[in-house]
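Here's the structure we're looking at; comments come further down.
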Amino acid sequence: MMKKIEAIIRPEALEPLKEALIAAHVDGITISQVLGCGKQHGWTEHHRGSDVIMNTIPKIKVTLVVTEKRLEEIIGIIIEISRTGEVGDGKIFVTDISDCIRIRTGERGEKAI
Amino acid sequence: MSINYGDCAFMLLCTALVFLMTPALAFFYGGMVRRKNSLNTMLSCFFICGLAAIMWVAFGYSLSFGKDHAGIIGGLDHIFLNGLGYEINSAYASTIPELLFAAYQMMFAIITPALICGALAERMRFSVLVAFIALWSLFVYYPLAHMVWGDGGFIKALGAVDFAGGNVVHISSGISGLVACIMLGKRRGFGLMSYKPHNIPFVFLGAALLWFGWFGFNAGSALGANELAIHAFMTTNTSAAAALLSWMLIEKIKYGKPTLMGAATGAVIGLVAITPGAGFVPLWASAIIGVLVSPICFFFISKVKAKFAYDDALDAFGCHGIGGVWGGIATGLFAQKSINPAAKWDGLFFGDARLFLAQLASIAITVAISAILTFAIVFVLKKLTTIRVSQTAESQGLDISEHSESAYPAFTGLD
Amino acid sequence: MMKKIEAIIRPEALEPLKEALIAAHVDGITISQVLGCGKQHGWTEHHRGSDVIMNTIPKIKVTLVVTEKRLEEIIGIIIEISRTGEVGDGKIFVTDISDCIRIRTGERGEKAI
Amino acid sequence: MMKKIEAIIRPEALEPLKEALIAAHVDGITISQVLGCGKQHGWTEHHRGSDVIMNTIPKIKVTLVVTEKRLEEIIGIIIEISRTGEVGDGKIFVTDISDCIRIRTGERGEKAI
Amino acid sequence: MSINYGDCAFMLLCTALVFLMTPALAFFYGGMVRRKNSLNTMLSCFFICGLAAIMWVAFGYSLSFGKDHAGIIGGLDHIFLNGLGYEINSAYASTIPELLFAAYQMMFAIITPALICGALAERMRFSVLVAFIALWSLFVYYPLAHMVWGDGGFIKALGAVDFAGGNVVHISSGISGLVACIMLGKRRGFGLMSYKPHNIPFVFLGAALLWFGWFGFNAGSALGANELAIHAFMTTNTSAAAALLSWMLIEKIKYGKPTLMGAATGAVIGLVAITPGAGFVPLWASAIIGVLVSPICFFFISKVKAKFAYDDALDAFGCHGIGGVWGGIATGLFAQKSINPAAKWDGLFFGDARLFLAQLASIAITVAISAILTFAIVFVLKKLTTIRVSQTAESQGLDISEHSESAYPAFTGLD
Amino acid sequence: MSINYGDCAFMLLCTALVFLMTPALAFFYGGMVRRKNSLNTMLSCFFICGLAAIMWVAFGYSLSFGKDHAGIIGGLDHIFLNGLGYEINSAYASTIPELLFAAYQMMFAIITPALICGALAERMRFSVLVAFIALWSLFVYYPLAHMVWGDGGFIKALGAVDFAGGNVVHISSGISGLVACIMLGKRRGFGLMSYKPHNIPFVFLGAALLWFGWFGFNAGSALGANELAIHAFMTTNTSAAAALLSWMLIEKIKYGKPTLMGAATGAVIGLVAITPGAGFVPLWASAIIGVLVSPICFFFISKVKAKFAYDDALDAFGCHGIGGVWGGIATGLFAQKSINPAAKWDGLFFGDARLFLAQLASIAITVAISAILTFAIVFVLKKLTTIRVSQTAESQGLDISEHSESAYPAFTGLD
């Protein structure tokens, strides 16, 4: 079984996370920019003397597809690196993947990851 | 009294510099709005480079600087710049052809209404804005320019002074912006959500080019490359520099951190504040004017605006209105007739109250005229048509609703 | 069971939808920018006098992970707010989520949503 | 059954892929920008005379939801168009979709795709 | 005949202003292309600031303004600006040193070939473009500049006038752009897909700085801070303003909504159209010239281009070629020798056909020379090498394929 | 010796042009950093428009150009520009009021410290930067300006020449940048990751406006619209053009492809290199200076920086330090006293070694003073406080950590 891990993290956690995941020899990572709205409701910015609330906050979504065996290990790494203990640390969602294809070779399934 | 070609060279280039200020303002304002309204905001300034220029040539100059009628408005003698040749009109400038004076003044007639757009951003129907700017130029700007600067103008006759346009440019546009924005109503979500700027480097670009152009605006108001121009150049730069620093200081004290947006705002209001006095106050006074304008405007933008909940979107009133009023008052405090004999009296600081009172009077008159006439214009427009875009259009953004255009169509690179 | 709702909507529907979802006390929302191509094939823009067809259209993707119980309620809200009845209103895709982790606390499953 | 196909491809493959998919009468496509990190580790750029390595690479994610019947056909098209045979061609991930709703009409299931 | 330092001050600064127009054009063009081609488009203009400047100093000035040969080309007497000192050459300018005249003219030799790049955008190999620009400067620009402006030039001898470069700058670059873009072929997907601009604020920035710089271009062509410069300043601004408004009006009528891109385009073609006549036509005529240039160019860009399906990517021909032709004709209609005695006759509108015919002749000659020589240059280049990038490179974008560079690498903020 | 109003016009506008260079630099630098540090980088330049201007008026001018003390520093006689009227001070400029000279020099005192910021980008605490700039202006810039340009300054007395600020502006800032960046330490990930620019069009915008402003910087250093100004104008443009081309050529040879970033860099270092010699060397020499500066700087930026692994983030040392040194040496090679009698001797190329040796000496002294004093200032600052932001702040970006601001908040359009 293959699993897709989608982690919504703080932007500043991206660099260290990338390093840690590469060190753990994951097969690939896909990163995208999102705006999030969760328990954390934004920091306060000051524009010309008016306090304004950012109601959505820039977050990073990191997506990795891994084999089931490695799932917990990778989740552990993400939590370790991304946790600050403060509201806004983000969430991880796990989904089943029914197939995976490497375009270059046409390989399918786990060996394509 | 003959033409001085050094002065012509200077004034031609100052005219070009003042021209540049309107596009600069378009960036200053355009960077400050949300992306979905950025082109609308820029075009709101830029179309005035067309409209106000043509109106000026057609009849604006004549109504502003033509033959006086009752101290209130010029005549129709110079319609289509008719009769303006290369002769000097010593009532206005004694070393350059009147045509060059008219060109220089044209640039002021362009930027002034453009300033108002800052108060109306992100919600006004574009075609109504066009009508508003045309009417405002006709009924507010030309009369005011005549009263303050025109030969025979009655505010000038009070003895009040306005070197480069504190009343005519900044107070008039700021107050008109305030009145118009109240009548126009608040943007959707005002008070609940934040309106984030989409491009702060553009705000900074605008501020930088404004500063650059302002040398033409203020030093050029000496109408020649003379000692007064040099003086005005220095007071202008000093006030801007002082206001930039004092705004950063306020932010540092209040929030712990200064910002680029704050520094840009500070610089611009420093320039606004020194405008009426640039050629009248001593250099040290320009530093004071600049240092104080930041806390004054900061107070209005952050406290007064919040308290009275008017949606002066990009602070046209908070920056230009208030900054201009402070500048006019400060001129009444610190002007010295030894610096510029166009002032009849010294300022209050030097023990003479006459200029100070004249300044107050001229400010009050400017405020009154601007407020009443703007009210009347917007009132009529509201009777005739809808002046706001629809709710849907507002949430979609005016770039799409008013122009079917978006600012960065291929920016994603997905093409 | 947890469900992931992915709604592709019109950009102008985002603000009201956000308000409605917050009012409905959803736990979190993740928003991203996408380009879409569906039944609606682009509006016509005019550049300097030439009609041009935009063949992909900017859309917003709103992602929410919810418990199965709330699924229909949230779908209802999205449809209500985003429907204009005209081509281009968008689509909603629902997927099963096999796990959810709150990074801050390490909680897992439904209580982490 | 409905399937979600997520293909991570090279940016330059987007235009031809779009054309091919439209020709194949797919029902809709959603495109987003991502940064990827896989076997391909970045091209070399030159800034003012220093070689620098780009460690994440701009990629395009193309998402299509299709009926199971069409799955292999579409995967075939994607592979055909996007393959260059060199590292960096990308991957395709397939997930099950449990429901699909067309916002405009409220239709659900396969007919909403 | 002695040096006037007021004129020197003016001309030095006008030279700087005209310099600024080439980077401005880089933004005007660069904002209009898709993101993947933006740096290529900007560099296509900017490298000319290097290449054309060095060529001008080395031999360009000499070939353009050196000793006449058969009315067609200058000599090699001023190679490396040899012999150009601080003396006045009264054939060209009677109050400034010839070296300053050469500097001013250099900026024209830079911007003119840069204009052509608009027609060739998004598909030409960069190294071939470099070669093309070098050859074009040598075989088209220098001869044309000599024929129209050089002492002894045969087009000048026809009695045709060209104040600031309608023929030399705009018609030549526009026609050359048309010929070259046809020979180069259409972009991938022409007619099927839309090429979206990636940054409209940059287009506007470019237009604004072009307008600003154009004061140096047109007023500076009076070669002194004199009455003629003031006149040209006013006609320039009036034409730009009128064209801006009339383009917006066309859009309003045709599509219901004006756009910023349209306003910027209008302003630029208004400036193009007044260029040949700025110092010859009366002020009212400049308004007419501006009002009419927009519908004329709009027709070519939207109808003729679509009909004949040539891929003039950024409308170098549609704007500069057509705008320049209209400007040249309009000069023949409205010029008055009382405004500028450099015109031997009044325009057709005042009842004299001679200037009008001379203008038509000069336009026809310019068109012919530009078209034939550009054809020859591109023909030879095509024989020698591939002039287009590959299909793959085109879909990848020229920033990557030609420069291994991308415009906003860290813009996502994911680093 | 009387005031020439043509010169005043010219110098007022050149002052404005040099002002514009600091915002231009903010774009040049700001475009080159990652998005998360862009506002911090821009503000690092822009706040100096405030700080250095006020310091200059308060005491900077006096310390730089006031009454000499031991050839090292000026006096306090002109504090608050006291005593500076409209009189000419012929020690500095013989046709413009001293106040205008002070205004012009002010702009140099603003841009010079701003140049240093390029070396310190992306990691320095903002408040410490403010302190550093203030101290550096006081202890490095004012003394150096006095020594090189001040009446009685000892470097001037050596017979060394510096037309527009090779030593005072470029070498001083470049060397100081090098010393300070080494003491500040490398950025996180230096050597491992790439720091990608976030907006190359902004880099180009900055370069273009710098070039434009540099005409004011170099031609303006003639202090009048005279023959020397025209000469400096031409040498400036020629060197920039030559360097632009030679940088592109290097890229073409080494990588097969030239880039816009490279062309912009080449242009800027061409301007740097000609600065000390603009008004001394013949035109042909300016082309040589420009052609050679690119390989020299390229070598330092690509090889020496990599070898010694100092993190001169935006190449303040590599461009300004090295370019300035080469320019100073080249002036010693190619200066001709016939071009400008301010040079006592001809350059080495013409067979006289005296100027060359004086140039070497003046460069060595400038390097020593800048290096030692910058070391001392940073050393003291390091004792007093932390000068770097934290690791976390650095990875978050300085826009957020130092200013709670982000550059393009609404750019996504999701609002």
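We just call them A, B, C, D, E and F in the order they show up, numbering each chain from 1.
The definition used in the following text is that contacts are C-beta pairs under 8 Å (C-beta built on N, C-alpha and C of every residue); 3 or more make two chains touch, one makes a residue touch a chain.
Here the structure is a predicted model, which is why all the values come from computation and not from measurement.
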Between subunit C and subunit D, the fewest steps along chains that touch one another: 1
Copies subunit F and subunit E - interface residue numbers shared by over half, same or different: different
Interface copy of B-C among C-F, A-E or A-F, judged by whether over half of the contact pairs recur: A-F
Centre distance in Å when subunit A and subunit C are each reduced to the mean of their C-alpha atoms: 19
Averaged-CA centre spacing for the pair subunit D and subunit B, given as whole angstrom: 52
Distance between the centres, which are taken as Cα means, of subunit E and subunit C, whole angstrom: 49
Per-residue multi-chain contacts in subunit B, two or more chains: 4-7, 9-10, 13, 193, 195-197, 199, 205, 255, 259, 261, 404-405, 409, 412-415
In subunit C, residues with contacts to at least two other chains: 11, 15, 31-33, 35, 45-46, 54-56, 95-96
Residue ranges of subunit E in contact with subunit B within the complex: 4-7, 9-10, 13, 17, 34-36, 193, 195-201, 204-205, 208-209, 211-212, 215-216, 219, 224-227, 229-231, 233-234, 237-238, 240-242, 244-245, 248, 252, 255, 257-261, 263-264, 266-267, 283-284, 287, 397
Residue ranges of subunit D touching subunit C (in the complex, touch as defined): 4, 18, 22, 27-32, 63, 65, 95-104, 106, 112
Sites on subunit B touched by subunit E in the complex: 4-10, 12-13, 15-16, 19-20, 23, 26-27, 30, 38-39, 42-43, 46-47, 49-51, 53-54, 57, 80-81, 86, 97, 99-100, 102-103, 106, 126-127, 199, 202, 205, 402-413, 415
Subunit C partner contacts - residues on subunit B that touch it in the complex: 189, 392, 395-396, 404-405, 409, 412, 414
Subunit D partner contacts - residues on subunit B that touch it in the complex: 412-415
